[in-house]
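In the two complexes below, chain A is the common chain; its partner is chain B in one and chain C in the other.
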Partner chain A sequence: MLKIENLSASISGKKIIDNINITLNAGECLLITGQNGSGKSTLLHTIMGRPDIEAEGKIRLNDIMLSNLPCHARSREGVFMFHQTPPEITGVNTMTLLNEINKVNDNKYTRGNLISQANDLFLHLGLPTDWSKRQFNVGASGGERKKNELAQIELFDGKLLLLDEPDSGLEQTSRRYIFELIDRTCGRGGIVLLVSHDKDIQSKYSNILELKNGSSLR
Partner chain B sequence: MDLHLGNINKLYVDADNVQYYIAPSHTDEVQEISFTFIQTEGKCSASIVVEPMTNSKSKVKINIFAENNAEVDCVCKLYVDVGGSETDVQIRSWPFDSSKIKARPEMRIYNSDVVATHGNALGTLKPQEQYYLATKGIDNYKELIKTSLLHEKL
Partner chain C sequence: MIETTEYKEGWTSNVETEQLGRGLNEDTVRLISSKNNEPEWLLEWRLAALDALKNLKEPNWAELEYVRPNYDEIYYHSRPKKLAASIDEVDPAILADFEKLGIPLHERAKLAGVAVDAVYDSVSIGTTYKEKLAEEGIIFCSFGEAVQEHPELVKKYLGTVVPQRDNWFACINSAVFSDGSFVYIPPGRRCPLELSTYFRINSANSGQFERTLIIADKDSYVSYLEGCTAPKRDENQLHAAVVELIALDRAEIKYSTVQNWYPGDPESGLGGIYNFVTKRGACRGTRSRISWTQVETGSAITWKYPSCILQGPESVGEFYSVAVTKGRQQADTGTKMIHIGAGSRSKIISKGISLGHSSNTYRGLVRMTPTAKNARNFTQCDSLMIGNDSRANTIPYTEIANGTAQIEHEATTGRVSEEELYYLATRGLTQEEASSIIVNGFCRSVLNTLPLEFAAEANKLLQVQMEGSIG
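What follows is the complex of A and B.
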């Protein structure tokens, strides 16, 4: 269960999120909508624990009080952030980064298994054959960077997925893949918070949080 | 025009007190000449001279990692002659802790009708990159860079 109580957040003294309350059970997905600047992404980053966000309130995932933990520790408790614009990281190749993520996920895969599963996924997602050897996102398009995020979700089953506009800028096949992934995550008891501007997908979800100026409209 | 070390007339490396130094081993197959220096303590210096053959182009990439109180002084001299357009030298340095890195790309251009480029970037990780890695559970950025530079070459 995810329980968020009286969550407010400020950046450089400016309040962005104001008194948000959310309760989600295992297997539930919440669609977060709202205009640009309404605080959708900031809400996800606050839950993730971005260091420059000053947050108040409680965030609990099952029996873990996430709001007491730094960002990397929240990740190790199963919180997965799908970034809207993942950065380039020079000097770090993709497979080395996946291997490090694997280590903090209790070595879910052996090294050989990780390489083989990751390469299969990259191929399936239509990424170049040498993707795993490339420096992380360096020179990659926005769509390729999002596919990198998708592959990570597929490899390391998060308990709580924070998806920041995962469907924007992707071709139809990959968009379909995202929604299959959300269904599968919910099917195994995971919880998903999905930010999207796409009006078409609103009919797919009954749980909707609409934000305006950082507050909940519904 | 192929890019490989077969086009190199002279390649000269003078390294003093370098702890970990990785250079290309299959010189007739690589497309890009790449060097990596990893220094965890003490002072070291390295001088790399690359002189491609006439009508050939070379791309040289140098990674330098330093930590603790290590000091690295590195210069790469790349000669650019007739037909050497697109010749490029790029140095990327990561000075962690209180280490110091002095890195200089130098191009000796002997013909005015070439387009040659160079770059020299120094710095560790930007806050946005650190946050991204933290969202993946990684808080030891220094080890990640070091491991990745070693794995890339070995």
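What follows is the complex of A and C.
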């Protein structure tokens, strides 16, 4: 269960999120909509614990008070963020990084297992065959970076997914993959927060939070 | 900014030492020479250096700010009171020190395939595998022993790469130098072991002035490793070493350093080693080759430019460097590639990483003389800054006096962005873990050139540098 109470957030003294309350049970997905600048992404980053965001209020995931933890510790409690524009990390191979992430996930995979699973996924998502050996996102297109995010979610299934416009700029097959992934996550009792502008998607989900100027409209 | 990383080699040992030769003067020079039982020609050589010093000045062109050492207060010679004839008789406290550093000197417990010369303050306390190497005609011993046993070799090569008057620090070293290592590889021999020297400064108010001389005769090969640590002390300690390498026809010398001297207090900047070192190799022969690889993580002040004089036709010089500064450390380091021989080639890969309030400068010279027809150089120097208070400089000099020479220079400067660190935090990595991964990626091309035994140590050292170094 995710329980967010009276959550407000500001960046450099400017209030972006104003008194948001969310309660979601295991297996539920919440669609977050609103115009550009309404605070959708900031809400996700506040839940993730981005260090430059000053937050007030409580965020609890099951028994864990996330709002007391730094970002990396929230991740280790099962919060997984799909970034809208993931950065390049120069000099670090994709597989090297996956291996480090695997370590903080209690070595979910053996090394050999991780390599084969990751490569299968990259292939399935249509990423270049040498993707795992390339430097992380270096020179990659927006679409490739999103697929890279998808693959990581698939590998390290989180308890709480924070999806920041995962569908924009992706072709139909990958978009379909995202919605299957959301269904599967909910099916195993995970919780999903999904930010999207897509009108089609909005008809798919009944549980909707619409933001305006950082506050809830409905 | 928080700097909590403890310097792990900072203990002091209660080894009974005698400190001699206070102040930089003729008495000190004569005392050192007589303690070492040196021949007259070497004493004369030292005294000539002392005389030459009168016409030299301490260099002030580097991007370094420090209180000049008071050369009259320093003890120029410090040695354990009990000197042993063999390693089995060495003061157990000293052996324990080296064990603690992971440098076991008993050959039965030795790192496989590495011969070690261990230098404690001003004297070599033991050299392993000496007899085995001697069977191959290879000489590996302390400098002092070489003066006694192989004076003709010492006399022939000493000061021929780094002349006494080369610079202030080299000149001081020439006057008061203490033990270092001596290596001679005869023609056609590949040295079957990695040779290494481990330097430890223990005594207070003393300096270490070791002198190392390595000669690779025709068609020979040697790989040499150097490591260094010192106790934590509030006062600065001076380290002014000279290393001379000589490679004859088709010979190859690979010289690797992992430098981890005490860097001083990260907050106040108090204490730490002043590392003023002159390292230079001469590729005298045709197709001879010298590679310098250095991983510099310690010292309060680093002033160091391992260089190659590429005299032989088609000779090759290489410089691979990772320099990490944090806290209040300052480093001004780089290389010089002097191309004289036709078709000589050089490669410079330098990676500077600065954290905390530190300052990290790359300074490099590539000189193409008129005789260096078709010589080539490739230089790549990259700087990475972590945090907002660190500084990085790149100061390349090029002098081209012939039209056929080619120089390529690439440089990048970057700061690890908050965005990257945040992204990695969302994947569960702490700032230290994230920085460590980024830094490792940044340095990999240099770390890959280290001998296996050192690569692991260097990796560990880099990781330790990142721990708690970011607030």
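In this section, the second predicted complex is superposed on the first by the 218 of 218 C-alpha atoms of A that agree within 3 Å, B and C clash if a C-alpha of one lies under 4 Å from a C-alpha of the other, contacts with A are read in each partner's own complex, and residues count from 1 in each chain.
In this section, contacts are C-beta pairs under 8 Å (C-beta built on N, C-alpha and C of every residue); 3 or more make two chains touch, one makes a residue touch a chain.
If you're wondering where the values come from, they're calculated on a predicted model, not measured in any experiment.
Aligning the two structures on chain A places chain B and chain C in clashing positions.
Once the two complexes are overlaid on the shared chain, A:M1 sits clear of chain B and of chain C alike.
Once chain A of one complex is fitted onto chain A of the other, the partner contacts of A:M65 are absent, as it touches neither chain B nor chain C. In the superposition on chain A, A:Q152 contacts both chain B and chain C. With both structures placed on the common chain, the touch criterion links A:M81 to chain B and to chain C.
Within the three-chain overlay, chain C meets chain B in a clash at only one of the listed stretches 41-49, 95-103 or 311-319, and that stretch is 311-319.
The interface of chain A with chain B overlaps its interface with chain C at residues 48-52, 70-72, 75-76, 80-81, 83, 86-87, 89-93, 96-97, 100-101, 104-105, 152.
Residues 48-52, 70-72, 75-76, 80-81, 83, 86-87, 89-93, 96-97, 100-101, 104-105, 135, 152 of chain A are the ones that touch chain C when the two sit in their complex. By the touch rule above, chain C contacts chain A in their complex via residues 414, 417-420, 422-431, 433, 437-438, 440-442, 444. Residues 48-52, 70-72, 75-76, 80-81, 83, 86-87, 89-93, 95-97, 100-101, 104-105, 133, 152 of chain A are the ones touching chain B in the complex. Residues 63, 92, 94, 121, 125-129, 131-139, 144-145, 147-149, 151-152 of chain B are the ones touching chain A in the complex.
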